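Structure in structure tokens, see below.
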Amino acid sequence: MIHIRVSPAPIDIAAEQARVEQDGAVATFTGLVRADDGVEELALEHYPGATEAALTRLAEEACARWSLTAASIVHRVGAMTPGERIVFVGTAAAHRAAALEACAFLIDRLKTDAPFWKRERRGDDARWVEQRDGDHAAAARWKAG
Amino acid sequence: MIHIRVSPAPIDIAAEQARVEQDGAVATFTGLVRADDGVEELALEHYPGATEAALTRLAEEACARWSLTAASIVHRVGAMTPGERIVFVGTAAAHRAAALEACAFLIDRLKTDAPFWKRERRGDDARWVEQRDGDHAAAARWKAG
Amino acid sequence: MRLVYFAWVRERIGVPAEEVEPPATVATVDALVDWLAVRSPGHAAAFADRTRLRAAVDQQFVGLDAAIAGAREVALFPPVTGG
Amino acid sequence: MRLVYFAWVRERIGVPAEEVEPPATVATVDALVDWLAVRSPGHAAAFADRTRLRAAVDQQFVGLDAAIAGAREVALFPPVTGG
């Protein structure tokens, strides 16, 4: 089962986890707006249509590669404040290594393969977040496997 | 923040996740009683006192090795039915690789280092689960790092 | 051909999308960007640093050397920063 | 000295714990198990396959060759299967 949602709605962990609990091993990753670097607001822009298609392709690749029973990617867009959840990735498999690896794969690849853009606001200063070199390295390690 | 609980109470994912959400990257692993292999009931026995001490040592090791902001291990004991949650591991860190690796470390090492024993019941047949060779291999890979 | 812009590319150009009809000699994304850059100071600013520009043709990510023949929608945007 | 048993070790012996006073010549977990094995058919059955036996001394996991001098609590149990 693949579940993809890109929405301004807050992420309900209990509901998302319940959706993914299709097998004995369930791994999740949740990204939150950092509260410790002075950011007052984070705004997420995306490319409607292309975003959902990119996330679906990633989930399909993970399901095939790790024989997942479930894969879910939920990404918020719009304005968020520190401490709020930006992204949730959940995977289910018969064995824990598959669920854990697929979860890491999905969040690593989402960072480079899905058309989202973050803008941080600190007081009157709003700036677009720059891509990190480390994100490409993290995504690239899954190509070797 | 380290949180350890060994209890017969069901695991409340929303509450456990909220406890761990202390930083920008949160990874979790949840183990459920498999519903697909004929097991009707799973009973978990443990070594009171020694269990909590072993889990605390593991969490402390993970916090030091990956600079975690939070590490939580919740393990049920007593009788459970298929689909119920047996174990929850949650980690929080500033960066996703640390949270994800520490989460994998904790569940791998929990399997070999914490005194729990599982008994499966299928109809009138109750048997103690045998340790899997793969569990030792999974735990051992963290020694190299 | 529909063009869509995101993040600071959109902000510098000042519109989220526009319809254009480039001549047939404009065969690649790179050539399209050259052709667009002279339309306004905003376009020029958006496309000044080609190393920070990414593209999708009909919602598929492509390199800037990709062909655009027959494309209905070309998107131009900075490197992505989601997750 | 307090002995505690878990899982099928406990079931075969028939009690979860017992108090014993082994002689001073019983210096290791292995020697303790030898000494216990003759107490009852249940003990013998529990300890028949030493390769499937694990131990803790004062709640610290140890090998069966570990010393037990001064130990207050020795636990004997099968390989663990949690998680």
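Letters A, B, C and D mark the chains in the order given here, with residues in each chain numbered from 1 onward.
Note that a residue touches a chain if its C-beta (ideal position, glycine included) is under 8 Å from a C-beta of that chain, and two chains touch if they have at least 3 such contacts.
Here is each chain with its UniProt name: C, D = Molybdopterin converting factor subunit 1.
All values reported here derive from a predicted model rather than from experimental measurement.
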Partner chains that chain A and chain C have in common: none
Interchain centroid distance [CA atoms averaged], chain B/chain D, Å: 26
Centre-of-Cα separation between chain C and chain B, whole angstrom: 49
Approximate Å spacing (C-alpha centroids) for the pair chain C, chain D: 73
Two or more partner chains touched - positions in chain B: 31, 107
Category of the chain touch graph - line, ring, star, complete, other: line
Chain pairs that touch, as defined at the top of this document: A-B, A-C, B-D
Residue ranges of chain C touching chain A (in the complex, touch as defined): 4, 6-8, 56, 59, 61, 75, 77-83
Of chain A, residues touching chain B in the complex: 13-14, 17-18, 21, 23-34, 83, 94, 96-97, 99-100, 103-104, 107-108, 138
Chain D contact footprint on chain B (complex, rising order): 31, 44-47, 49-50, 53-54, 75, 86-87, 107, 110-119, 128-131
